[in-house]
Amino acid sequence: MILKLAYKNILGNGWRSLINVIILSIVLTGMIWMQGLYDGWGRIARRQMIAWQFGSGHYEQVNYDKYDSFTLDKSNAALSPEMEKQVADGKAVPILYSAGVIYPQGRMTPVVIKGIPTQQSILAIPTEYLKIADKSAPVIPVIIGKQMAKSTRLSEGDQFTMRWKDIYGVFNAYDVVIAKVMNTPVPTTDVAQVWMDYDKLNEVKALNNSATLIVLKDKPVNSDLGSDWRYLSTDDSMAGTDAMISAKRVGGYVIFTLLLFLAMVAIFDTQILSIFKRRKEIGTLIALGLTKRQIIRLFTLEGTLYMLLGTVFTGIFGMPLFLYFGIKGYSMPVDVSSYNIAGMSDSIKCYYSPIMIISTFLIVMLVTVFASWLPTARIARMKATDALLGKV
Amino acid sequence: MSKILIETKHMTKYYPTGEGKFTALQDINLSFEKGEFAGLVGPSGSGKTTLLNIIGSLDTQSEGEVIVLGKEVSTLSARQSAALRSKHIGFIFQTYNLLPVYNVYENVELPLLLLKMSTEERKKAVMEALEWVGLTDKLKSRPNQLSGGQGQRVSIARAMVKKPQIVLADEPTANLDTENSLHILDTMLKINRETGTTFVFSTHDQKVVNYLNRVITLVDGKKAKDDLKVSV
Amino acid sequence: MKKLITILSLIASLTLLNAAYPDGNELLKKIDDNMLSKTMKAKTTMVVQTKRATRTMVSINWAQGNSKSFSEYLSPAREKGTKMLKDGDNLWIYDPNTDRIIQISGNMLKQSVMGSDLSYEDFMEESTMQESYTATVSGAKVYEKRDCWVLNLSAKKADVAYQKITMYVDKVRFIPLYEDRYAKSGKLLKTTRVQEVMQVKDRWYPKTVLYKDALKNSKGTLFNVESIEFDLSIPAYIFSKASLKK
């Protein structure tokens, strides 16, 4: 009965109700779309990082600290015979890191040199280009990414000198040639990275079959590989990227928090006005035998109904939008893409998880109920006799 | 002796004012029996509305006792007093106070929704009430589509639909012309006769006074006269 | 390739003319003796030439053997009052702008000193030439009008940063006037050219030296010794952390 009365009342409110419903459905649509976008981004980034960088899990040499480039030259350990067998079977790929400096056109640029076996199929890096046909040739083929090529103004076929220190601290340098500029979507395999043959890097580092990372094709059954290695699952590897995406997400939240606030103000305002205009009605309802509690519930329900109608609107008008971005995807604007986060280069297909949708609805619902309920404090304070006389 | 439904004993009502308090009703001793068709008269500001509100437990007295249907109203909880009103007391207001978003039928049905009646029972009761007031042809009309007299008849139907023991009517004819006033007075008297419902009016209107079988005069918050008339 | 042939031919000529040349290691000892001193105090300027600007830094330096040194920058205004203390493996810098002493360690050692072609690490090198290298003389050459021996150095140990060095050493003054440092692969990495020498009492010493990163497109860093004193007595407190804040 109260529901019906509430429903009739907000229909009776006309354009004011319509505005509230529209604002709410904009908030809902926007929040779901935006979260879908970031969730979709996270999924793409994850897929790409699995494909290009981390496989289904990887080991890191214990000294390696990705935030400290000076750990690079200390972070390597020889592969165990079992691991060598896994590599031979195509189940793992070792990658050796080295700090280095390149001098394209005499400009000094610090890089991370990464040695990867030419015959591997776990990562999408086109390592076949790294094959050294003539062992005595003085020029080593390397691969760099598109962004790296752009920032260093290098292209395929270009030669330049690359310098590094071997594990004893002895300077070594070779001329290298860009065999391939690869189109990797993962910035951490691109920016300031130079890829070369694993065995050759081992040789020039005065190492033998040693790696910094071992990337796995499948999740390991037992991830313990001794004290030299630290296992990182896909989730561990994604933590940084996820955090960066979350940080971007916060920016989006600000906008929708403001919109939600606007919706809250609109509903709050509608409620205040409605209570004021209908004080005589409130008095009448008390005279008819409703308790104040029931009347408060009635008014709160009216506000909450905006949310329900907003949901219907969102379903009707938001659905095509959701489907469009869910199927066709969305290309991030360029200014955002300057951040070094995987997934940016593709058009991002929004992903709407039920949990995300439900939690969004719950949040908006909660805010709406609160905004509807807050002004009803006036009803609680109202005296029936005054209300009947139109006094407040 | 008939059953006493309402009784006040040494009832006084103060309103707090800026400096002290204003006495709106003073030492009122009254009782109303079942089936009475009584009215409060008196000049403006004499306390008529205040008294009706206290009887209807919309307000409470400051001193003395007010017993309605055997219960001291000032001791009732919010829920109990709401229950008392929803079951046993019907209100009729000068300005009808219909809910604008409901049509005639829904307005009359509203009090029954509080009483947990089945749909059929409700429908029967609503139609019966609307028959009393002669508005069965206006079921779907909105209050703003009704004339003043029709509006007040709907509000009488709303007050009567739950078959209350007491109906409190505060200047029900003040906004109506003579013809409509007489019409609704006839209606109410008919209901009073047929159902034995106790009516207590507050009025300035001589037409109303003519219909009453008991006239209580208030002056400055005090009971000045209490005349029992021989029924017409 | 060309370089490799040069080196090979040098080695070839060395074996042929072995008898006529002095012992390379003896020569290294003489260089060390000439370049090293018990103590030293010098006023130097360092000119860093970049594409955009040329910066000149003036400093006063004290040193005791190879292990202790103390420098104070006099100009430019931005660096004035900056002090640097090296004691063994430790390096501290005092920044007058923040009035704080920072210990330079780990990663920071690889940074360039005031934008020059030298890193802090280069200042930390303590081993003498004799300790790090064995040398052979492969020929004679006139460089900048001076008669020089061509000296080929190869590292004694696997952890010497430059495994090969070629230098032209003044036959009389025992100053390496020309120095090329190579990567393990044979690629030239760093060059040092002495542009002017000076006599301080009975020893000859490089006055103006140009350091260059051979792989980089740069004009290099020019070192100039304005004045220098050897084997003076330097009070011990100079090489203490307290003198940084003075």
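Here the chain labels run A, B and C in written order, and each chain numbers its own residues starting at 1.
Going forward, a contact is a pair of C-beta atoms (placed from the backbone, for glycine too) under 8 Å apart; a residue touches a chain by one contact, two chains touch by 3 or more.
Bear in mind that the values here come from a model prediction, so they are computed numbers and not experimental data.
Colleague: If each protein chain is taken as a node and each touching pair as an edge, is the resulting graph a line, ring, star, complete or other?
Modeller: Shape of the chain contacts: a line, open at both ends.
Colleague: Hey, which chain is the most central one here, using CA centres?
Modeller: A
Colleague: How many angstrom between the C-alpha centroids of chain B and chain A?
Modeller: Centres of chain A and chain B (C-alpha means) sit 66 Å apart.
Colleague: What is the distance in Å between the mean C-alpha positions of chain A and chain C?
Modeller: Measuring from centre to centre gives 51 Å for this pair.
Colleague: Measuring centre to centre with CA averages, how many angstrom lie between chain B and chain C?
Modeller: Averaging C-alpha atoms per chain gives centres 111 Å apart.
Colleague: Where on chain A is chain C touching in the complex?
Modeller: By the definition above, chain A touches chain C via 68-70, 101, 103, 105-108, 138, 161, 163, 165-166, 168-175, 204, 206.
Colleague: Mind listing the chain B positions that touch chain A in their complex?
Modeller: Contacts found on chain B: 53, 56, 58-59, 78-79, 82-87, 89, 91, 93, 95, 97, 99-102, 106, 110-111, 113-114, 158.
Colleague: What part of chain A is in contact with chain B in the complex they form?
Modeller: Interface residues on the chain A side: 1, 5, 8-9, 11-12, 280-281, 283-284, 286-294, 383-385, 388.
Colleague: Residues of chain C touching chain A in their complex?
Modeller: Where chain C meets chain A, its residues are 1, 106-107, 110, 155, 158-163, 181, 183-185, 187, 189, 213, 215-218.
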